[in-house]
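By letter and in written order, the chains are A, B, C, D, E and F; residue numbering begins at 1 in each of them.
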Amino acid sequence: MKYSSIIIFILGIAISGYGQTENQTKMDSTKTERFERGWEKLKEIDGEAGVKVIESLKDISPDLGKYTIEYPFGDVYSREILDNRTKEIAVVAALTAMGNARPQLKVHINAALNVGVTEEELSEIMILMSVYAGFPSALNGTSALKEVLEERKVVE
Amino acid sequence: MKYSSIIIFILGIAISGYGQTENQTKMDSTKTERFERGWEKLKEIDGEAGVKVIESLKDISPDLGKYTIEYPFGDVYSREILDNRTKEIAVVAALTAMGNARPQLKVHINAALNVGVTEEELSEIMILMSVYAGFPSALNGTSALKEVLEERKVVE
Amino acid sequence: MKYSSIIIFILGIAISGYGQTENQTKMDSTKTERFERGWEKLKEIDGEAGVKVIESLKDISPDLGKYTIEYPFGDVYSREILDNRTKEIAVVAALTAMGNARPQLKVHINAALNVGVTEEELSEIMILMSVYAGFPSALNGTSALKEVLEERKVVE
Amino acid sequence: MKYSSIIIFILGIAISGYGQTENQTKMDSTKTERFERGWEKLKEIDGEAGVKVIESLKDISPDLGKYTIEYPFGDVYSREILDNRTKEIAVVAALTAMGNARPQLKVHINAALNVGVTEEELSEIMILMSVYAGFPSALNGTSALKEVLEERKVVE
Amino acid sequence: MKYSSIIIFILGIAISGYGQTENQTKMDSTKTERFERGWEKLKEIDGEAGVKVIESLKDISPDLGKYTIEYPFGDVYSREILDNRTKEIAVVAALTAMGNARPQLKVHINAALNVGVTEEELSEIMILMSVYAGFPSALNGTSALKEVLEERKVVE
Amino acid sequence: MKYSSIIIFILGIAISGYGQTENQTKMDSTKTERFERGWEKLKEIDGEAGVKVIESLKDISPDLGKYTIEYPFGDVYSREILDNRTKEIAVVAALTAMGNARPQLKVHINAALNVGVTEEELSEIMILMSVYAGFPSALNGTSALKEVLEERKVVE
């Protein structure tokens, strides 16, 4: 089963201590909490797509995987001043405007759909970005949206 | 009074036809509608700050002023799929992430406050952007927020 | 025939009123003119490549398709202060420097060739961009130029 | 004495709990360690300039201040695979290339000088960036270096 | 007289050999030609503004000054496939779109005016950039144009 | 043999004079030295990957190929204030942060490995960039690193 390999991976990080220094091992006892909250949040919002990102880091940079869970998800996404919908709208807008992070834009279009942002609202964000980041960003964002919608249809 | 000069400016554009070609004069009869809707929307959302942007273009590029009213405000901001609050959250996120448009970021922080986004929510967007565009963008966005809040206090 | 589907698409936008609000329907009577001028301009400059971009938006975001025709082509490209050659040189330079919009760069390299910019002049713009945006932008712009030239050979 | 106000600020964050949710208070017991390590690291590398950045956040976004100490300094800068010199060289190169974060570039030019990178080496990084991000980035980076060197002379 | 200090500066570079290694001294005999051609080109196109940029590098990074004369001006600007007008139009478009190099944008707006690009054409490039890089870039480019025009009036 | 075609290519540039003007032919006698030094440096640092970049320019833009050898390698990389390791660390950091030049990032990850930067150190640079350019840049940089490592395994 897929999740077993994830659990092994989590244990793997805890045990392997890859790239851990004296200084950093102090962190271990406290890591669990932020990490676990982050991991739950990542699964809640990004689902499979987020899990795959972390898995792809397993061999090459487990520490970046750990930090990705801890800071963006354990710290930032776990904050409750903005709801999940609002967060994803902000993030999709930003990644569309930046125009240089298509894989992450697709992950967050997925995440946005997962937390209740509609397809129509996502199109609308792209139209809005044509004003602030130009038509190429809006068109490339819309093409990313199209790809995500097609990929979700295949899975269903 | 200030608005009289704006009205003169609007008439000025209509009459002067600066840079208008044969082809473009066809547009004149239809311009009024999008332009007027855009002008109302700009005043509603951006208030004084938006009006100043347009005024600053009067001599140097009245056509860019016209387009700024027509496309971003007359067309895009007048759409109603996303409410004003959501639009401003998306725009503030995007401009913070891009990190190269501080004057416009400040206009839109103002606009966001005008349509009911709270100071706390704006701080939150900056924190969120630390994940996607890095801490420098988040810190510079927060400093823009600070400046806007101070400027608004002075005016009150 | 291909164009019939485009005509149906245009009618489709006019009729469907997808995402149209009370406010926006006022626009309908006046839309035709800018839209038609834009559509002619798009076909004149971008040819097939431009038409494909609009077609790809048909299902996912017809309104972005409409705006792409109206503002960039109906308004901006229809202006006559800069000739088509000069416009395309400016746009190819900008997209090469930005380095994050390869599909649009390729459309505009095609457009530049269509309006008489030579292959040699396009190479020259890329060399110029090595100074302002660095060698990676210049190299990636040149590789986009190479791809476009090869694609045009296949079609001929 | 200046540091007393910092201690008050740290306590202030711990007590105020500004923006803290149920969920986030779990973090409190573990915060201290990463935070303290980060705070020491920030003072070691960035000195006064870094402390000022955090202080400027006190009223507007104490949580961004906390995260800036915890993640960049407590987590990342505390890693020991790259030494401080190498880290600062990488960061100065990146901020020069990005070209949209002058305040942070100046903080890190200062930091680089603090950890033993020479003025000549910093000039050299700017020259290197002329190749990858273009001459404007290299020239603006060099002008930031010049400003920092002049500011340091005044302080001495 | 101002130019005497420039001549001393040029000699200074030739003599000082700041940062020159064994390897690089080989370059000395051949440097003169590209350097001189570049220096003439820089004065022809950028005039005073360009000279000031080089002078500002005298103490901090004479080698970046030398390279700025040699590669952008001695090599690239001396090419004759695009005329000066076309080169400046491309560069102003690119720097407007990038939006993170205002000092260089102003130098090149000046340069464009020096080689016969009109104020109206420069406004037009900014309008064109609203499509490709968004309205903030277009507005900030237009504000740079306005500043340059005002500075040139003061000098006259 | 592969190198023979490169030698023919070098001769080809020298002879063909593609795009050479009166003015530029003056350069010919002096070109050899910077070009040769650059060519040796490029082969030393970038190896096969660098040679391929130059070869890919042969037909489309031999002059960009020549400049790429002369300025980045003949001038900048031949400087000896920073050693090769330090240069590559700075360049990998910059290209990761910019996030819009993946082919060049991969060439320089290869180059970094060639001059003794370890896989672990490269991962570390990506982690560092998560702070300054955001997690998407760090994740995409790490994925480029992963690709390069896999490609190098296949070749061995």
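The criterion applied here is as follows: a contact is a pair of C-beta atoms (placed from the backbone, for glycine too) under 8 Å apart; a residue touches a chain by one contact, two chains touch by 3 or more.
In UniProt terms the chains read A, B, C, D, E, F = 4-carboxymuconolactone decarboxylase.
Only a predicted model underlies this, so the values are computations on that prediction, with no experimental measurement involved.
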Shared interface numbering between subunit C and subunit B [over half = same, under half = different]: same
Distance between the centres, which are taken as Cα means, of subunit E and subunit A, whole angstrom: 42
Euclidean distance of C-alpha centroids - subunit A vs subunit F, Å: 32
Shared interface positions of subunit C, touching two or more other chains: 19, 63, 67, 71-72, 76, 79, 81, 95, 97-101, 104, 120, 124, 127, 129-133, 135-137
Overall pattern in which the protein chains touch one another (line/ring/star/complete/other): complete
Sites on subunit D touched by subunit C in the complex: 97, 129-137
Residues of subunit B touching subunit E in the complex: 19, 53, 56-57, 59-61, 63-64, 67-68, 71-72, 95, 98-101, 103-104
Subunit E to subunit B touching residues, read off their complex: 98-100, 120, 123-124, 126-127, 130, 134-140, 142-143, 145-146, 149
Subunit A-touching residues of subunit D, taken from the complex the two chains share: 19, 21, 23-24, 26-27, 30, 33-34, 37, 63, 67, 70-71, 75-76, 78-81
Contact footprint of subunit D on subunit F as seen in their complex: 71-72, 76, 79, 81-82, 86-87, 89-98, 101, 104, 120-121, 124-125, 127-133
